[in-house]
Amino acid sequence: MCGIIGIYSDKNISKELYYSLYSMQHRGQESCGIAVLDGENINYKRDMGLVGEVFKEDELSKLKGNMGIGHVRYSTAGGSHMANCQPLVGSCRKRKLALAHNGNLVNANYLREMLEEEGYMFQANSDTEVILYILARYYKGDIVESLKITMDYIKGAYSLVIMGEDELVAVRDPHGFRPLKLGKKNNEYIFASEDCAIDILGGEIIRDVEPGEIVVIKDGKMKSYFYSENYKPLKKSCIFEHIYFARNDATIDNVNVYNFRVKCGEILAKDENINADIVVPVPDSGWAGAIGYSNASGLKVSEGLVKNRYVGRTFIKPTQEEREIAVKIKLNPLSTVVKGKSVVLVDDSVVRGTTSRQIIQSLREAGAKEIHLRVTSPPVQYSCYYGIDTPNRSKLIASNNSLEQMREFIGCDTIKFLDIEGMLDATEHKCTFCKACFDGDYPVKKIDKEELL
Amino acid sequence: MCGIIGIYSDKNISKELYYSLYSMQHRGQESCGIAVLDGENINYKRDMGLVGEVFKEDELSKLKGNMGIGHVRYSTAGGSHMANCQPLVGSCRKRKLALAHNGNLVNANYLREMLEEEGYMFQANSDTEVILYILARYYKGDIVESLKITMDYIKGAYSLVIMGEDELVAVRDPHGFRPLKLGKKNNEYIFASEDCAIDILGGEIIRDVEPGEIVVIKDGKMKSYFYSENYKPLKKSCIFEHIYFARNDATIDNVNVYNFRVKCGEILAKDENINADIVVPVPDSGWAGAIGYSNASGLKVSEGLVKNRYVGRTFIKPTQEEREIAVKIKLNPLSTVVKGKSVVLVDDSVVRGTTSRQIIQSLREAGAKEIHLRVTSPPVQYSCYYGIDTPNRSKLIASNNSLEQMREFIGCDTIKFLDIEGMLDATEHKCTFCKACFDGDYPVKKIDKEELL
Amino acid sequence: MCGIIGIYSDKNISKELYYSLYSMQHRGQESCGIAVLDGENINYKRDMGLVGEVFKEDELSKLKGNMGIGHVRYSTAGGSHMANCQPLVGSCRKRKLALAHNGNLVNANYLREMLEEEGYMFQANSDTEVILYILARYYKGDIVESLKITMDYIKGAYSLVIMGEDELVAVRDPHGFRPLKLGKKNNEYIFASEDCAIDILGGEIIRDVEPGEIVVIKDGKMKSYFYSENYKPLKKSCIFEHIYFARNDATIDNVNVYNFRVKCGEILAKDENINADIVVPVPDSGWAGAIGYSNASGLKVSEGLVKNRYVGRTFIKPTQEEREIAVKIKLNPLSTVVKGKSVVLVDDSVVRGTTSRQIIQSLREAGAKEIHLRVTSPPVQYSCYYGIDTPNRSKLIASNNSLEQMREFIGCDTIKFLDIEGMLDATEHKCTFCKACFDGDYPVKKIDKEELL
Amino acid sequence: MCGIIGIYSDKNISKELYYSLYSMQHRGQESCGIAVLDGENINYKRDMGLVGEVFKEDELSKLKGNMGIGHVRYSTAGGSHMANCQPLVGSCRKRKLALAHNGNLVNANYLREMLEEEGYMFQANSDTEVILYILARYYKGDIVESLKITMDYIKGAYSLVIMGEDELVAVRDPHGFRPLKLGKKNNEYIFASEDCAIDILGGEIIRDVEPGEIVVIKDGKMKSYFYSENYKPLKKSCIFEHIYFARNDATIDNVNVYNFRVKCGEILAKDENINADIVVPVPDSGWAGAIGYSNASGLKVSEGLVKNRYVGRTFIKPTQEEREIAVKIKLNPLSTVVKGKSVVLVDDSVVRGTTSRQIIQSLREAGAKEIHLRVTSPPVQYSCYYGIDTPNRSKLIASNNSLEQMREFIGCDTIKFLDIEGMLDATEHKCTFCKACFDGDYPVKKIDKEELL
């Protein structure tokens, strides 16, 4: 997962890029970068670390430009390297380009092999470089034409912001897996993965970039293209953005994330007649679902787990014997709240099951009498090919265990997941979704064989 | 405000000090330090920054010891300097001492002048050095005797952990302004400002250190002393710890912080018959009160403000024109939740009123129809002399304005504070409190004239 | 200017790469990098800064490999950027490659345009990326064949070390502008820009890599190829390496640098009958010439300028008024030595003339009676296209001024340069040289027009 | 060893302090600090590291003041700690003081015990804190009076700069062990350990501060006092400053360091009739002596050892097997110069003998036929109590071995030291000296028993 931002203005916008990335820090904490067009040249800085660490006042003041793009990158296994920081910046046919990407191609390895066979040299380890190279290969001045060709090659999930020498371009793949919003503030155009990055600048949210759409800002004007004449939008918005990844203040493809999460809790509670004392959310992502569950069940919400607001990336790993510290440093059970109580524990999703298991164990040690785990999404049974960092199927608890086996492993008294139908109801059907992680119905097949699971 | 920790064990405890400080990071983000007794010598490291930044694996592994103390320090105006980092470490009469302090003396300047007049040289700018110098002056081997004399000199708020060459000592001032808990884990004794620092180690909470008590751990045994034979405990536990400063999982002087906060919200809502749609907490500290308010009023809690979890100390300050960014980077209103709604906005306290004003403005821009501010504590009208970083009276909104003037400045439709009686009821009277910030009834008079407000 | 190193061994050599780069730090202080082949993968680290700053024990221990290459890079105007750090690392046709380069192509821009026209995307700003891309384009498994083709394309100065998946390769351009030595230590092969990098490892110097030669180490054996069958070695060893750039302990193309420098001083002094008191070298590079001058003239050498050994890259620039500090912080005149004396000031070369002018002014202020500047190389009149960082012709003092004008600008009483013939005599004609910076006789014409001066 | 600086001016001098400390970096690389009086307050920064690393433009611009002092500190065994950084800054009797110290007391432990017994608390581990505490104890406004009393207490070597609220004071102990120069630049007074710190600012050297003198600059005027009426100057200037520690451009107590060093080489060579080919200095400190030896013997100086100019504090230590790298990274023998030659190797001093041994071994490996070690100072046989970091006697090679044993250990063909008489002749008897390290004739006895060797 990543977050992207692009701004086209008539004044210096490097600080705006900074604030927008700062607001999307939850979409990626590993590395970040900003590239701006300073009249003629593209200046950029990208490094490992949080936005607030990488960019200081004096460096930001050197990155001057009226147009620019930015990126925050999530840490995915193995690929943690300076060379994978974005935006990528380069030149081809004497034209400069910068590109930032959120998503994951399903045929990156195939395309990379194809290009390597033709003599191309890859310097990083990312599918983003594949996109850049194909784009460059066909880019002779008309960015829309080269993008249409590029989009014929690349398959999978990609939301892109691209900066040429006189235009800012936003692209969303034909399925629209990853979000991309368009905002406006006076004469300024803003593209961003999430609403908060536009809100922070005082901008107005205009709309989602459409699946398959290419939006070009040039000479102060916006034009919209689609990647093919025969194109039919295949709307497959990633439901996991709504469940877990996006902030509560995002609205993606017309579905408001917070409302959706509350509604998931409400629907999950609807048919239940559980005999419990309190509803306890797993912070922070379980709060909205817990409020929904409380609304529908009439059970009161209590803060039974206290989150340490200062747990960051810099933390000395506990040894094997100190294992319980690893959970408690993040979440400490509030024993006065849970002691002797029958608790409905609400979480937004269960992936491996190990964190749930540890939380439940610590709640039991704090004196909880009964623990009923309620998950406001269906069991995750399939890996994601489109950019969500789900592990290999073999590590997904729901992929290898019956509900009873899961309950036993996690250690709760009862367990219940929201079903797929309920989840879709919670979206009020304002969009269609990719829900492959729940049902294995992949909208685009994976082509790179060696990565098949 | 600060957090302190002390551990006495029969094994190396530097990593335990680290975890405990990490869990108390909310009590101070400016600087931190650890001092351990390595058989003979006191080794220490203290620096500006967060616990996770200052201490890395290799440095921590050099700080070996079975006994040690630690400190996190809050940034208070003017005093931000390496020289003020704690624990203080020194030697007198060939005996080594280390000391960490939470609180604030009311006669530090007076004592400092007295000592300077006698030829003492002060190297830092803190009242902690005053305590250390008086302690050293009378320390001839019996730490309890010298502490009793020291406690006759120093007036005000102090919770201390002190490490001698063969003993660990915890002290709480006769009023018990600042918290100090005693925990145990097998043969290990732990003193800490808050429960979470003991929980994290898997320790058991034993009790509060009593006001006026001196607890000594030596030769593996614990002994308790009081600072004077004629001593009568003056229990004046700081109520602001319960309202704002401590974590929800703390229990201070028998009052559980979370329960107290919820109850404050309940009591505040009791007599109201407000015509509103939703209850919105100011995150994070307003959540417990909002839940209480919801419980009592029947109005549903909604997350109307989204908090950026990554806002830290490293953030480039917006310019004057970008002022609204400064609030939004922390708290973004969730317009789908508040648009067209009559909102009960719950906060734990109002000090200057400027943050409330900005939050309310951004909620209005997001479409809130009515905003009713409900504060789950009384108006702060007096400065604190005992260690809470309240500003000068002239900057306290409640000290200079009528309720109606406050409402107007803040910009809400209605405003209501919990009254002192209600607040005390919420404690269930399990302790007596210092509530000078609300009523000006200072348990100990300020002696240092030049600092009077 | 840069320094390169390549090691092929049967044991882990990352620390050897480190020591070798450390010894060649004088060849580049801007950035450095190491890439090693760990069985299967190429791991690398490259960053801005000195070798001792960039590589720490723990990071170096992660770079394990029996084969590896390294690079130190000199700061050249404008190109200071992370993206220009070397070695470059990439993959093409599923084969991994790493490459480090010392030198400068004369047709880099031309080739880059050609490649961009074909759709290649350049991500850095260096001619090294051009070499890598052409190499990749023709690399189908046989590195020697692809190198031969590459060497047909690229014109100018290049010494290269290249690491493939099972071979280490060293290449020197047909003119042999930049040095490249071959050393051996037991079963280990070492390629390095200078002798000191082989000495430091206790290796034995075998010989220079020949102009136009491709040396391949594979399966523990060394094989030598030449880039073309019709190839005639064009030996044009850069004389400026001998004059200024290389360390005194280097021997390049059979000419020992120290002996050469002493001899330059001797030849310069030969016909002179100067009436002076002492010979003063400009430290450090003027010492060898000064010793030669002293030998031949019979005048004694005295240290009349003291160099600050700690002046590094981190130094706050003096303001305009503090200008004289900028020289004195580096070189302070020793007034007891020069006061009232007639001084022969010996420097290895004069480029812009501004430093000489400042040194002479400070010697005058220290009381020197007469100053006779003697330069142990001819006047620099032409820019270098082959990797020496000489400025544009307009800034070369000798390119725009008569000898008398130079004397006047610099402010010395008399001035004398070694002539070209004398300089070549000092080499004992053991090699043929590129001396274009002195006589404009460029062995390879510059093709990239826009960079012509 | 340390370097100190003090400046009194009518304009902001923080940058001058910076340049002066930078020029004295050779006197201490472990830590540095600057304290300035900003009208009312003493602001300061001190940290581990080189001057260029610790002070950056923005931080220096915050240290504003017309008066200030600075310090660079040498790394001595065991005492490496933030708490030992100088200047020390504090307040007593409401008066602020800052103090920087070069030297070493012989009764620091005794005085410290005395003060601790009276109840003083020491927070660092240095004799400088002892001086500060005694000074503070007697300081009631008249700095000269309190200094006279302090100087009665403290014994040993101390050059001090002290900043009060309206005066700058320089003090040199009655023996004048450590240097301290007075300079002037317009209305500005400058005190510094060495001439270069005054030269760099364009100041004029006025004179040495006299042994036992207290120089006070107040209200723009200079006054001189002596510590006692009956005082007789005991001139015992440290001869090791002249031999090794000071820069060549220093003149201490009327003896110019460079001239002295050359003369030592000349005297050493005088009676010799050695049959050798070349004189090779051990860089950098052996150059002046080698030039002297060459002058007197007629043998030519050649650079036989090349020094790496970039060896700094950040260097990964070689393992036991890589031992020879440790020497070669610093000094690489120049085999073309020494091969087959009979070499006179000139060094300024021999302390442990281990470095000489390694240098000689590497010269032999480079082909030197004969090596005659000539040392331009007498054998070091006694430890220094006055601030030079000589090791314990047991580690001094000359203290435990005959000349022949030393020759054998070091591995040279012949060895010869300058004798004490020759050394004193080289000073031209312009001053009297402490030469205890050579003859054990300590001007002040060591009082702290536990530190006796």
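We just call them A, B, C and D in the order they show up, numbering each chain from 1.
The working rule: a residue touches a chain if its C-beta (ideal position, glycine included) is under 8 Å from a C-beta of that chain, and two chains touch if they have at least 3 such contacts.
Source: prediction; values computed, not measured.
Path length between chain A and chain D in the touching-chain graph (shortest route): 2.
Annotation of chain C and chain D: not jointly contacted by any chain, touch as defined at the top. Of all chains, the one whose CA centroid is most distant from that of chain D is A. With centres set at the average Cα position, the gap from chain A to chain B is 36 Å. Annotation: 60 Å between the Cα-based centres of chain B and chain C.
Centre-to-centre, using mean CA coordinates, chain B is 48 Å away from chain D. Among all residues of chain D, none touch two or more other chains.
Checking each pair of chains for touch leaves A-B, A-C, B-D, C-D. Contact residues on chain A toward chain B in their complex (touch as defined above): 15, 18-19, 22-23, 25-26, 29, 50-53, 55-57, 60, 196, 199-202, 247-249, 251, 256, 258-259, 262, 284, 287-288, 291, 295, 300-303, 306, 308-316, 318, 322, 324-325, 328-329, 332-337.
Across the interface of their complex, chain A is touched by residues 82-83, 88-94, 97, 113, 116-117, 119-123, 132-133, 136-139 of chain C.
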